[in-house]
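The letters A, B, C and D name the chains in turn, as written, and every chain counts its residues from 1.
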Amino acid sequence: MTSALTWNRYGKSSIRLVKVRRAADPHDIIDLTIDVALEGAFDRVYTDGDNSGCLATDTMKNTVYAFAKVEPLDHVESFAVKLAEHFSEKPGVSLVRIDVDEHPWTRLHPHAFARTGEEVRTTLVTYKDDTPSVVSGLRGLVVLKTTDSAFSGFPRDQFTTLRDTRDRILATSITAAWTYADGFEDFAQRTAVRAAIVETFAAHKSESVQQTLYAMGEAALTSCSGVVDVQLSLPNRHHLLVDLSPFGLDNPNEIFVATDQPYGLIEARISRK
Amino acid sequence: MTSALTWNRYGKSSIRLVKVRRAADPHDIIDLTIDVALEGAFDRVYTDGDNSGCLATDTMKNTVYAFAKVEPLDHVESFAVKLAEHFSEKPGVSLVRIDVDEHPWTRLHPHAFARTGEEVRTTLVTYKDDTPSVVSGLRGLVVLKTTDSAFSGFPRDQFTTLRDTRDRILATSITAAWTYADGFEDFAQRTAVRAAIVETFAAHKSESVQQTLYAMGEAALTSCSGVVDVQLSLPNRHHLLVDLSPFGLDNPNEIFVATDQPYGLIEARISRK
Amino acid sequence: MTSALTWNRYGKSSIRLVKVRRAADPHDIIDLTIDVALEGAFDRVYTDGDNSGCLATDTMKNTVYAFAKVEPLDHVESFAVKLAEHFSEKPGVSLVRIDVDEHPWTRLHPHAFARTGEEVRTTLVTYKDDTPSVVSGLRGLVVLKTTDSAFSGFPRDQFTTLRDTRDRILATSITAAWTYADGFEDFAQRTAVRAAIVETFAAHKSESVQQTLYAMGEAALTSCSGVVDVQLSLPNRHHLLVDLSPFGLDNPNEIFVATDQPYGLIEARISRK
Amino acid sequence: MTSALTWNRYGKSSIRLVKVRRAADPHDIIDLTIDVALEGAFDRVYTDGDNSGCLATDTMKNTVYAFAKVEPLDHVESFAVKLAEHFSEKPGVSLVRIDVDEHPWTRLHPHAFARTGEEVRTTLVTYKDDTPSVVSGLRGLVVLKTTDSAFSGFPRDQFTTLRDTRDRILATSITAAWTYADGFEDFAQRTAVRAAIVETFAAHKSESVQQTLYAMGEAALTSCSGVVDVQLSLPNRHHLLVDLSPFGLDNPNEIFVATDQPYGLIEARISRK
């Protein structure tokens, strides 16, 4: 044969990890996306289909979650070094890369956080029959609460497998749009409406996304008498608890996978009577 | 209270579904992204936190997968109507929306498919010391095979939970870049190199992504004597078998969730000796 | 000072270039995104703010467009080598990188092309009062015609600077959604409706996007008697003619910049009477 | 003919507008993306190719820029109402939509701003020969300065059209990665390094992106003795001055188009001697 393997690297990319530190009060969260990659003497995997030396990338992922439970994660750098040391001891490995993106959150409340920087402020004017209608709003305000969110008591049919929970992470990207009464012009009220929406998200004892949405809408109406209705759209960005029991570890609502797909989507309009 | 719920809708969005029809030869695949949404008399969910009438969005997702197993899926339209009928019978529902994106695939081989349209052809010239070096390639060529892919015999440590499989879906987005020998100018050979890479993906009996990658690299070198090395990068776009047993259905490699994160990433360079 | 410049590179990225070869019949198009980057002895630019040796990245962009007019562009590789040679002769340059993405188009017609691979087939079922309503459609079908598109005779006010044109590139990403009559179930008609839309785009002598949109809608209604209305959304992906006169070159509708922002957006619904 | 136009809307989307208010000290910026759309009696444009009533979408864009110069833009809502009123007076118009996204910036300095929320903190550990190498960094920190940025004195060849400028907007998305000395473990220094980079961007009197990059790199090295080198990548997000002279308005560095493509890209590594 006239060809040769002259370089190789493999691993698991985009491992999404959210850790909630509940021992502390207020809670802390760490939100990471991690790539693990190994270089080394893996030639027979490529040339002979011999997997006996090929650590599965699924195992790399599991290792990251198990280490996240045990390590303090005070500095991402130290956590990455620990992971790298672990993988460097595997047979054949000559180089380990641990590549981490940390997504920073700003505290809103002892148990709630925001990624405010992705937020866009929206304005929609429609003009018809010589009259403008003004809708102000926001989009992309990502918020998360580490507790005070439940979902239970829902109906069960032949396709239901979800279990009741009394304590889960609730995360969403808020889209809100509120309509001002005709002739209203105190557009600086945007700030008060936004604050009411965000503070209600943070403080609400949630039985469902729907109930929290409704409370957010009511708070928006209360915050500004010039608002006649508010429409909210809340995608439920599911955070799934990782099962660490195969590794002899418990997971009391600490280690989660943040997922993009699928997502619940809850939308409603709340109007002043 | 001065506010009222004047409109509401909720559901599950971005349910990713891939169905392989294996009864047929050659195999067929259907690749869908589905949103389910309900409108109706769900006011008490919002205003009272009473979930007794709130079909869980997780249940909607399960329902889609179970129906995908049972229904022929000859037309997406008919499948969507069946789903809509099912959800319309749930208490309180006044309107159902089933919104489907179908991602089309082109057949490459009896058991392999491509989404060729996302492909970009790449060229990188570096010029140094009066000499150009020419690298041609491609990016974003998404391919999938419904069989002839296994992954077994890998080492097991305390963090390994993945089971051996002798038959799985293998899907990837090919990035390839091949370097021509100095002075080579027959750039129309791009077509032959690309064909060798794609045909090898389709026909290879794969023990791992690594082994298929190596075979693709060898084929590229063989296809054009002016190529001195080829670098390949193959993200493993995992397709996870859906567990339909809670619904009394088996799933003999037919119904899959296509996932984006995390993904394996296998990279190597194969050189002419 | 204790610090030193130990590596540097600069250039222009994402230069969008579309060339129409009109001499040939049928027309050909080449659609490229080009990055130019230089390494070399540019230290004084960094350390002293001395720009006397710093070829402007704007000049690099102009150079690419001028070369695109003069060079045949039969192979992207040869074009990239020519550009690299040119830049390698500039003072201080030790290494040139020319990095090109080619976006392939499929011919529809002697003067029209498609990027069919980005297309998604859509289905929307709404179910209400025991009756399904079925809307089929498509999204992301990118098409371009190199001639038979004009825009002239529009009104001029104090803010109008656009000149009339009788020959321009027309490019769009088609979103179409057609509603079937209640009870219609011959969903295989999707193919005929799509063909009517695409063929009309290709063959229409266009006075405006609006007029072409209307013709596409009429053709969709004609193609399938079960369709009661069709809604079309056509973003106008503007291709701007590059002014090559500063370089002593004419540009008879051959060299264009493809732009993303801003874009015209034309939407309408055409219904069966 | 059996078909009819039953709804229509058209306009210009994604009009990018940045306004600098220089009269104030400190400077203010407003960063908007605007969609204009009209509904009305435009049937003959669609059915007859008669453009005599079709206000060009290019004219809509020009109108937005001209209004942005004249209007105070204290509230986006009031600005949108003014635009809507203007377009509502055009012949045939029955409804105007003005849809605006405002991209918020945080002040860094009297003349500099950041969009900190898009920032990701990065960590790369490579482990080889029993030794970890730790690189910390950041990505996606978008910053802009409204003055103290020049680019002049660059060489001119046959393809140069860019004019010298002594005052321009400088905007970039910072990617930085700094390598710590072996054994360094005081990873909390990340904060000091980041601050040095950002403050230097804001305060530097810039002759070029290159010179500012070098100053940022030097500041990073100075801020933390454990850093041995720093690599910076600075895309130049060009803000182009809008020519308002056709509308009888001057534009003393106030009204800009923010562009994505093409962009300059300046990269270098600065090392401790």
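The rule is simple: contacts are C-beta pairs under 8 Å (C-beta built on N, C-alpha and C of every residue); 3 or more make two chains touch, one makes a residue touch a chain.
Owing to the predicted nature of the structure, the values given are computational and were not obtained by experimental measurement.
Each step here moves to a touching chain, and the least such steps from subunit B to subunit D number 2.
Chains that touch both subunit A and subunit D: there are none.
Distance between Cα centroids is largest for the pairing of subunit A with C. Centroids of subunit A and subunit C (each the mean of its C-alpha atoms) stand 35 Å apart. Each chain gets one centre point, the mean of its Cα atoms, and the points for subunit A and subunit B are 23 Å apart.
Subunit B and subunit C have CA centres that are 27 Å apart.
Contact of a single residue of subunit D with at least two other chains is seen at no position.
Residue ranges on subunit D touching subunit C, taken from their complex, read 1-16, 35, 37, 42, 45-59, 61-63, 66, 91, 151-162, 206-211, 213-214, 217-218, 221, 229, 231, 235-236, 246-247, 259-273. Residues 75-78, 80-81, 83-85, 87-88, 94-104, 115-128, 130, 132, 134, 136, 139, 185, 187-188 of subunit A are the ones touching subunit D in the complex.
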